[in-house]
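Dropping the structures in below, format is structure tokens.
Two complexes follow with chain A in common, the first pairing it with chain B and the second with chain C.
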Partner chain A sequence: MLKTLLSGDYPRSRVLSLVVLAIGISLLLAPFLYPGTKSLDTAAKIAIFVVLVASYDLLLGYTGIVSFAHTMFFGIGAYGTALTLSSMGPSFTAILLGMLAGAIVAAVFALAIGLFSLRVKAIFFAMVTLAIASAFAVLVSQLSGFTGGEDGLTYRIPRELTPGFRPIKEKLFGTAINGRLIAYYLIFFLSAFLFLVMLRIVNSPFGRTLQAVRDNGFRAEAIGYRAVLYRTTATVLSAVMAALSGSLLAIWLRYTGPATTLSMEIMVDILLMVVIGGMGTMYGAVIGATIFILAQTYLQDVMGVAEKATEALPLISVLVAPERWLLWLGVLFILSVYFFPAGIVGRLRGQGG
Partner chain B sequence: MNREHPVLETRDLTIRFGGHVAVDHVSCAFNRGTLTAIVGPNGAGKTTYFNLISGQLRATAGKVALNGEDITRMSVPARTEKGIGRAFQLTNLFPSLTVRENVRLVAQAKARKGFDLFSIAENHVELIERAEHVLAEVRLLDKAGLAVSALSHGDQRKLEVALMIALGPQVLMFDEPTAGMSVDEVPVILDLIRGLKADADRTILLVEHKMDVIRSLADRIIVLHNGALVADGQPAEVIASPIVQQAYLGRDPDEIESAVGETANA
Partner chain C sequence: MSDTAIRPRIEQAGLADRLTAALPILLVPMLALLGFAAIGDATTWLTLTVAGLAMGLMIFVMASGLTVVFGLMDVINFGHGAFVSVGAFVGFTALAWMGGWTASPSVVLNLAAVFLAICAAALVTGAMGYAFERVIVMPVYGHHLKQILVTMGGLIVTQQLIHVIWGPDAIHLARPETLRGSVIVAGAAIEKYRIMAVGIGLALFLAMRYVLRSTRIGLLVRAGVENGEMVEALGYRIKRLFLMVFIAGSALAGLGGVMWGLYQETITAHMGSEILVLVFIVVIIGGLGSVEGCFIGALLVGLLSNYTAFLAPKIALVSTIGLMVVILMWRPQGLFPVVKAK
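What follows is the complex of A and B.
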């Protein structure tokens, strides 16, 4: 049962198992453990980013492809759902159609990019994806009649997913049972499902072949694997997963704009989450996304407290002022990459670093 | 022996890099159940000739035919599926994967399961058993769980042969399989190649410098010089032939053995 669920790919480290389990349980019980809008927002964002980062790991860690177009696929999924919700009105049909359309468009784009450019050297492929992603972001901001431009799109989601919907009047463990909770669990379970699907893919014969192509594409061809086909398929799968996670974000935020989906900043965040968590491990996506988003959300608060505590000390209090949070986030990343070159998962499994 | 079509044939096979003709109109046929050694000085075009046959390079002119079928324009994986197996001169494996996984991947390719996305690879027990069977044959089973990058050079060469055995092709191409191996490891590789040769269905091409290796294994020697085929025949007769002495060795046949041995060891 557990073997089937995890595809035989266990965390293989006691600490890692405990950490992954703790993250899973925290997310599962988040509405009850951490009541409040901000913490639920954070939990939903972690669940969504676990899928997004894992889909990037499928590409970078397992197939060895460096792409800068991942946020484009994330955005395609988000805009797909945003557009169907704003044009068809708030219904589950609109959500389903939006997810489907986003996934299909992402797959077609990825297929085109893959077939046209995966034959070139890795560095050129990275440049091609960078150019395409930038062009796409410009296009989205220019087509303001369609996409809302820089302002993005705000839309309504089905009533069953909004705070106004109260199926049960009573509170459960002090938490109101409302549509927001249903929306959270929709996102949580879909994310968990998508993550497990990806864990299966990387442990399938196909996933093993990806690793062979990553390690030595030249030799993979000489034992009969068509490297370009495998790279392209991985690109398409990863794009579809990114698009689906984008749709989940669109549902949760009830808003889709360039800043939440397409920005280069998010691309860099994804890259950091994969590297910090540990490339080519899948579990690294869980850990990387959780740590990164927690730091992004709460570092400022922690620093605010620290500033108060060190008010008497002139220089230190300036250094830990909340507005310097990006500096400290940067320091944290440099330290983690320096001390854990194989990522946190690699470190915990006792390889490298 | 009844007359049959050659398994592998090259006709006027040529490749040019700019003005340099690396392989120059080489026409040669290889019959089932034979082991042909390809010799020639460094830069003679031996590895390039191999690359043209296994598909890493595309010919400028001429043809490669496998069982009468023209494969000149086919991709590397397509040729592999048709039955051409290639072991490389510089060890060319999957370094971050385990020894077992390297061989298992070949078994998986043969079983055409590469695009199976949703089953668990570890559950395909038959592929793992096949891999371990081959590893036992090359005496690497005790190292099956190690990453390839942790293996000694000699063990990596053995694994290279293991991949070839697992692939089980019709045409086996070895490019200096014993290069850089210690003296006591060489016989292991030679025994493995001899074992492969015992199967009369196989056609083996071997690029090799060591004359003792060639003498003990080859049924035939072809000599390449400046990309052209300059001699072809029984080992003893090729080594003694005047054209080889002139074009390739430029000296007395008795000196060949030691001279070639020295180059290989250098």
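What follows is the complex of A and C.
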């Protein structure tokens, strides 16, 4: 059962298994373990970003392609759901249609970009995707009649998913059972499902071929695998997954705008999560996303305390100011690319550098 | 004797062939004419064309370092934008120190202030380039994936350090007194600063061309682009050559940053990564590693984005992407493909 579920790809390290299990259980029981809006928001965000980061890892870690258009696909998914929800009204049909439309549009875009630029070098693809993604972000904020521009779209979701919906009057373990909880579990289980699907993909013969193409494209071609075909398929798959996670975010936030889905900052965040967690391992996405989002939400408080404590030392207190947390993550990012490219997961599995 | 000798026939390519070969260069005037046809109004067209040339030349200054670095060592620097931002901020500080010079109505003092600010920015970013190459890029030669990631990390850290030093807010960068406003040429209002930008950009392009074509170092750089191993085998230390080119490229990026900052009149820590998008488009259009291609590409992008900004402002950036796609359909390696002897 467990083997089928994890596709035979176990964490392969006692500490890692414990950590992944702890994250999984915490997310599963989040509404009961950590009551409060902020912590539920954080938990939902972690679940969504695990899928997003894993889908990016499918590209970066497993296929060796650097893309900067991942937020574009994320945004396409989010806007797809947002547009159907705001035009068709709050219904589950609208959500389903939006998810489907977002995934299809993302797949078409990814196919076009892939066929257009994956024939050449990895570097070329990185540059082209960077250009296309920023053009897309600008276009979305310009077409304000359609996408709401910089303000984004605010819309209603089905009543069953809002805090006003109360299927049971009583509280369960001190937590009110409401629509928000249902929305959380919808997102949690969908994310878990998507994650397991990706785990299945990378452990299939197709996934193995991707790794072969990554390690030695020339050799893979010589054995008879069309490298371009595999690279393009991986791009399309990861774009679809990113779009689906974007739809989940759109459902959870009830708002979609350029800042939450398309901005370059999110792209940088995803990169940091993948590299710090560990490239080329799906579990790295879980660890990376969890650590990063917890840091984003809570590290700033800690740094605020540190800033107070070092007030007497002018330079240090500026460097540990809460707004500077990205500086330290950037340094950590560079160090981890050099010294442990396999990330935290690689460390725990004892692969070292 | 001489009567019976057969005159050697000199093979000459037909007109069509020669035109095709020159086509990439002809693209710029063609685009300008197309723009004229689309706009229809001579004075507006003149204003836009000068603006486009100024923008293109500034982008060229920023992009040239990137493309040579790639050609020479197969290193692409995603942190190149950081030099642009740092250059702009250093230029801002330098101009602020010379407040008396920039506020005076004398053209000489104003130009001197701008010149000194540009020199200061180029010096600082050149030194930064040295550190960047030694600390960040050197350990990852030959690994494209790691290069992209690590230089991206360098970009994040540099942007954050700018926040630490100059604060997180956008800063207004005022042009010196005499460079404000515009002059009327043939009925078209042309900003004075743009004329200066065109002048500096052209001077830099010609200087760069001279260095690459007519000096020993330029010869080595061009040889290195074509076949680095051979240059090394002949006894030249290509790594040192590369370091020099990297420093020069970073200094040019900083210089371009000051010019771009004065052009936009607002500077932020993110301006570098924003302009990097255009820089990449230009480098791809021109052909990775080619300075001439970069020049043509920059002019095309500058002109096109100014024309579309006037005709259909919403699709200005998308139009440059469209240009890139069209050119890559025509020449998949860019306008001037760099031939590698490998």
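General observations
Simple rule for what comes next: the second predicted complex is superposed on the first by the 313 of 353 C-alpha atoms of A that agree within 3 Å, B and C clash if a C-alpha of one lies under 4 Å from a C-alpha of the other, contacts with A are read in each partner's own complex, and residues count from 1 in each chain.
Just so it is clear, contacts are C-beta pairs under 8 Å (C-beta built on N, C-alpha and C of every residue); 3 or more make two chains touch, one makes a residue touch a chain.
These numbers come from a predicted model, not from an experiment.
More residues of chain A are touched by C (comparison of chain B with chain C).
In the superposition on chain A, no contact is made by A:17 with either chain B or chain C. In the superposed model, A:39 lies in contact with neither chain B nor chain C. In the superposition on chain A, contact is made by A:324 with chain C only, not with chain B.
In the superposed model, A:207 lies in contact with chain B only, and not with chain C. When the two structures are aligned on the shared chain, A:7 is found in touch with chain B, with no touch to chain C. In the superposition on chain A, no contact is made by A:154 with either chain B or chain C.
Comparing which residues of chain A touch chain B with which touch chain C, the overlap is empty. By the touch rule above, chain A contacts chain C in their complex via residues 60, 64, 66, 116-117, 119-124, 126-128, 130-132, 134-135, 138-139, 142-143, 264, 268, 271, 275, 318-319, 323-324, 326-327, 329-331, 333-334, 337-338, 341. The part of chain A that touches chain B in the complex is made up of residues 3-4, 7-8, 200-201, 203-209, 211-212, 215-216, 218-227, 230, 233. Chain C makes touch with chain A in their complex at residues 70, 76, 78, 136, 139-140, 144-150, 152-154, 156-157, 160-161, 163-164, 168, 273-274, 276-277, 280-281, 283-284, 288, 313-315, 317-318, 320-321, 324-325, 328, 332. Listing the residues of chain B that touch chain A in their complex gives 54, 56, 75-77, 80-81, 86, 88, 92-97, 101, 104-106, 108-110, 113-124, 163, 167.
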